[in-house]
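Pasting the structures in now, so scroll down.
Next come two complexes built around chain A: one with chain B, the other with chain C.
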Partner chain A sequence: MRLRWSFRRLAWMLALLAGLLAPLAVGNPYYLQVLTLGLIWAIGVYGLNIVLGFTGQLSLGHAGFFGIGAYTVGLLTLRVGLSFWVALLAAVVLTMIAGWLVGWICLRTRGHAFAIFTMAVGVIINLLIDKWDSLTNGQVGLVNIPAPNAIGPVSFDSAQARYYLVLVFLVLAAYATWAILRSPIGRAMHAVRQSEELAAAIGIPVMRTKRLAFVLSTVFAGVAGALFAGYLGYLGPDVTGVDITFDMLLYLLVGGMGTVAGPLVGALLVGALTQVLQAFQQYQMLIFGPVLVILIRFFPGGLAGIPAGIRRRRERGPNPPPLAAEPIPAAREEV
Partner chain B sequence: MLSVEALGKSFGGLQAVQDVTFSVEAGSITAIIGPNGAGKSTLFNLIAGAVRPTSGRIRLNGEDVTGLPAHEMAARGVARTFQSTHLFQEFTVIDNVMAACQLRGGAHLWDALLRTDKLRREAGALREQAMRALAFVEVAHLADRRAGTIPQEAQKRVALAMGIATQPKLVLLDEIAGGLNPEETDRMMALIRRLVDHGMTVCFVEHKLRMVMQLADQVVVIHHGRTIAEGTPAQVSRDPAVIEAYLGGGGIAAGG
Partner chain C sequence: MTLLMQEVLGGLVLGSIYSLVAMGLTLVYGVMEIPNFAHGHLYMLGAYITWFLLVSAHFGYWPATLAAAVVLSGIGALLEWVVFRPLRNAPQVHAMIASVGVMLFLEALAQWLWGPDFQRMPTPYGRVLNAGPFTVSEQQLVVIAAAIVCMSLLYLFLKHTPLGMAIEAVAQNRTGARLVGIRTHRISLITFGLSAALASIAASLIAPIHLIFPAMGTMVIMKAFAIIVIGGMGSIPGAIAGGYILALAESIGGAYVSTNYQDVIAFALLALILFLRPSGLFTKGV
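Presenting the complex of A and B:
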């Protein structure tokens, strides 16, 4: 137990070190941008992980909330001239409110209905941003969004500096995921995913738990969107598209739902794979599809879920220390 | 402590429970029996708040609790187990019980994110409480096993431990001994008596007549969603309406 713990800690330390050194190793600015965007998506996927991986609710409006965060920062810095940090805070508050309102309505539905309902919300947000020309510039999008304002001597004008900014938020997202997972709240979320009926019977407020998970997920998406706007400096309505939601879902499935490492592993790996497969253009999906099917078939817990899967298989192996003999069906007493 | 007055529940056109009235004394054991489909499980769902009644009243210690949701009923001291053994399969045994202990805890999101002392203290207290509940039902040695991998009797005991962990006043057991052999059933009966010794009130639904006769202070008989008899086991077993309900009423009974 102790050993496994330190292994895990070591892996995280190495990952953090790699993250800190990456801009030095990656000379090509294009690759640094790919990496930074990968980390931004990972932050959004951490949000999806809480609502889907922890609580079991398939929310397909995620890119919509990403877009709300992105456009809040884009519009407030560009049109109102607010500082990036104030705009970031506004993005958090706004996605929180939007998430609460949408969750309040959508969470009355379950299963497929919930998935379709939230997808419709995503589509509506996408349409609003796309068609509301006077506010969002429509298809043209927003350009020349200023980089995050300097904090004292630290300026974010260089791509490297913005990479580190994103890295800080990624670490916060991973930490929050870990902290929630290990807390009573995380346990309540996992309980709700496994059985709402039983969760309610032992006093877990199911609706409140789901709503908390939903709002947290939209806040993560909003922060990711805000960073996206501040990092790239331009923004179009396509970032709120349903296909972006499905990209994030793909990262989560590949990486491993309900795990701390999953969103990061998935976003980086699938992101890298997309880059490698770019040469194949429209045939990309022909390769992606089968890889995903194989992955889900053999590693339903995703890549980050593999150690847990092995542990579980080992557990099932040897005979359990019985309290008493298993009941023999013939000896059952029925009246 | 519990009183159920003219309780009814219809699902669309189907009247699952139509007129059930009985009351339960604090510290007693009440058996609820009736033929299959009589509405026993629905009745438990109504009392536990899993399903809202369409008519009638439920009072708990004088407070009208009709229509409160399940987690509110749990907070008011009503615990229940389900007919088909129901655990969080992916959790370890201790996590199952800790999830139930949390009801009386008070750590919030900020405590989780900032990992406050309050959270640490509570985590320790939860584990201790959960271990006590597991020890009470004598499965403490299985604490770190995954819930889906332990034997059936142990699963039933864990389900009971989860109920106890919510610190209930009233415990509803829906066929807790279903699928257990006679020895296991005896052990379960001893355990139920210990619940009462520790100040809990018990209501159980059961098909095993031996358990009903030996354990219950009071028996409530339900047939076609109505109470048809209420009394001690001895009184109820002599009741003509009960005999008719069990042996088949109408022409067959008259003819046979």
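Presenting the complex of A and C:
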């Protein structure tokens, strides 16, 4: 056990080192941008991981909250002239409030209705941003969003500097995920995922746990959106579309729901594959669609779930239930 | 007044399509408890296959519509068998995610096979009838009439044939239906096929009025979800009523409030209803 723990720590250390050295190794600015965007998506996917992976609630409005974060930063820096950091803080507060309100309403429904309800919320946010020309510039979008302001001697004008900024937030997101997973709150979320009735029976405040998970997930999405706006410098309504939510879902599933490494692995791997398949861009879902179906059927724990699956198989004998596939006792039937 | 009448007519046409799509969605939900996110893309596929049969294989309009429905029911049954049946005992979220995968695949497939461009479907009912200031195309009347025929046939099938009654039984209580000897897997297969066929017919009917393109299913499926939540998930009368209510609200609201926010109306209505009554407006019962 001791050995495995240090192996895992070593893997994280190596990943961090690779992250720190990446801009030096990647000479091509285009690839650096692809990498940075991959990390930004990973931050957003960490949010989805908390609500779906930990708590088992499929939220399909995630890109909407990403959009709220992005447009908050875009509009406040561009129209009001606030500093990026103030705008970032505002984005966090605003997505938190939006997430709390939406969560308060949506979490009254469960299971399927929750997924449909959040999808409707995502569509409403997308349509509002798309149609509210006077505020958001509609289809044209926002351009010339200023780069994050310098902190003392550190300026964020270069792509490398902005990469490191994103990296800092990614490390924070991964650390927060790890801390939540280990905390009593993380265990409460896990219990809610397995069975809301059982969780309630042992005294876990189910509603409060779900709402907390939802708000946390929207805050992660908002931060990712804010970084997206500050990094790229332009924004369009497409970034809040349901398609983006589905992309994030794909990243999470490939990487592994409910794990700390999953969102990062998924976002980078699928991002890299997308680059490889670029000539094929219009049709890449011909591959990723079936990949999603196969993963959920055979590897619901994703890539990051494979080691845990093997370990459990070794400890418990063949064919244990995969991490994310534990059946909900109340709803089972059929022999 | 003429404007209102014209909008009501438009609403009835749109409502016919919404109802047909939502009926298929709610049927699958009732029997299998899966919200099939790919349902709108089955609708899209139905439109493309009808168009292909009309333009490239020189079928007539009705033979093409029927043939597309048959093809789609095969595809629907295949999806149930390959994708959804193995996930029967997995957590609810898994089937939903699988249906998202199917959806992404179908859209890319249509784009690959037929390209991203808009296509127009020819129709033998292209004439426009004028009654004073009031105009109506023949195709609009065909849509309304054909939808009523489909709904009546579905009603007769569910209430008066052994197979239809078996579907209702499974929707009411799967375990109970198994106990009395109904083969629930086969019923799931048939239900999925039936639902895909309904989507295909709806698409063949509306395609000559609207255009055909790979993403045409996206908005329709979201509207259909709004409808079945409004009507109570699993309820067929609810889906029909919800379809017409939503379409009328959209076209009248679009005319008098703002066409820009026409699509928002559906989702705002959905959010409001879920807020007030999380279980839907109508009570459950197929």
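Everything below uses one rule, namely that the second predicted complex is superposed on the first by the 308 of 335 C-alpha atoms of A that agree within 3 Å, B and C clash if a C-alpha of one lies under 4 Å from a C-alpha of the other, contacts with A are read in each partner's own complex, and residues count from 1 in each chain.
Rule of thumb we're sticking to: a residue touches a chain if its C-beta (ideal position, glycine included) is under 8 Å from a C-beta of that chain, and two chains touch if they have at least 3 such contacts.
Fair warning: this is a prediction, and the values are worked out from it, not measured in the lab.
S.K.: Once chain A of both complexes is superposed, is A:V154 in touch with chain B (first), chain C (second), both, or neither?
M.R.: A:V154 sits against neither chain B nor chain C.
S.K.: After superposition on the shared chain, which partner residues are touched by A:V276: those of chain B (first), chain C (second), both, or neither?
M.R.: neither
S.K.: Going by the contact rule set out at the top, does A:F246 touch chain B (first), chain C (second), both, or neither?
M.R.: Second partner only.
S.K.: Once the shared chain is lined up, is A:G203 touching chain B (first), chain C (second), both, or neither of them?
M.R.: first
S.K.: Please work out whether A:R108 is in contact with chain B alone, chain C alone, both, or neither, and reply first, second, both or neither.
M.R.: second
S.K.: Touch test for A:V123: chain B only (first), chain C only (second), both, or neither?
M.R.: In the superposed model, A:V123 contacts chain C only, not chain B.
S.K.: By the touch definition at the top of the document, which applies to A:L292: first (chain B), second (chain C), both, or neither?
M.R.: The second partner, chain C, only.
S.K.: Who does A:S183 touch here: chain B (first), chain C (second), both, or neither?
M.R.: Touch partner of A:S183: chain B, not chain C.
S.K.: Report, in rising order, the residues of chain A that make contact with chain B in one complex and with chain C in the other.
M.R.: Common to the two interfaces on chain A: residues 324, 326-328, 331-334.
S.K.: If you look only at chain C, which of its residues touch chain A in the complex?
M.R.: 29, 33, 35, 83, 86-94, 96-98, 100-109, 111-112, 116, 174-175, 178, 184, 218, 222, 225-226, 229, 233, 260-261, 263-264, 267-268, 270-271, 274-275, 278
S.K.: Residue numbers of chain A touching chain C in their complex, please.
M.R.: So the residues of chain A touching chain C come out as 52, 56, 58, 105-106, 108-109, 111-113, 115-117, 119-121, 123-124, 127-128, 131, 242, 246, 249-250, 253, 282-286, 288-293, 296-297, 300, 324-328, 331-334.
S.K.: Considering the complex alone, what residue numbers of chain A touch chain B?
M.R.: 176, 179-180, 182-188, 190-191, 194-195, 197-206, 212, 312, 315-316, 320-324, 326-328, 331-335
S.K.: Could you list, by residue number, the parts of chain B that touch chain A in their complex?
M.R.: 48-50, 69-71, 74-75, 79-80, 82, 86-91, 95, 98-100, 102-103, 105, 107-109, 111-113, 115, 119, 122-123, 126, 138-139, 141-142, 145-146, 149-154, 157, 162-163, 165-166, 179-185, 187, 207-210
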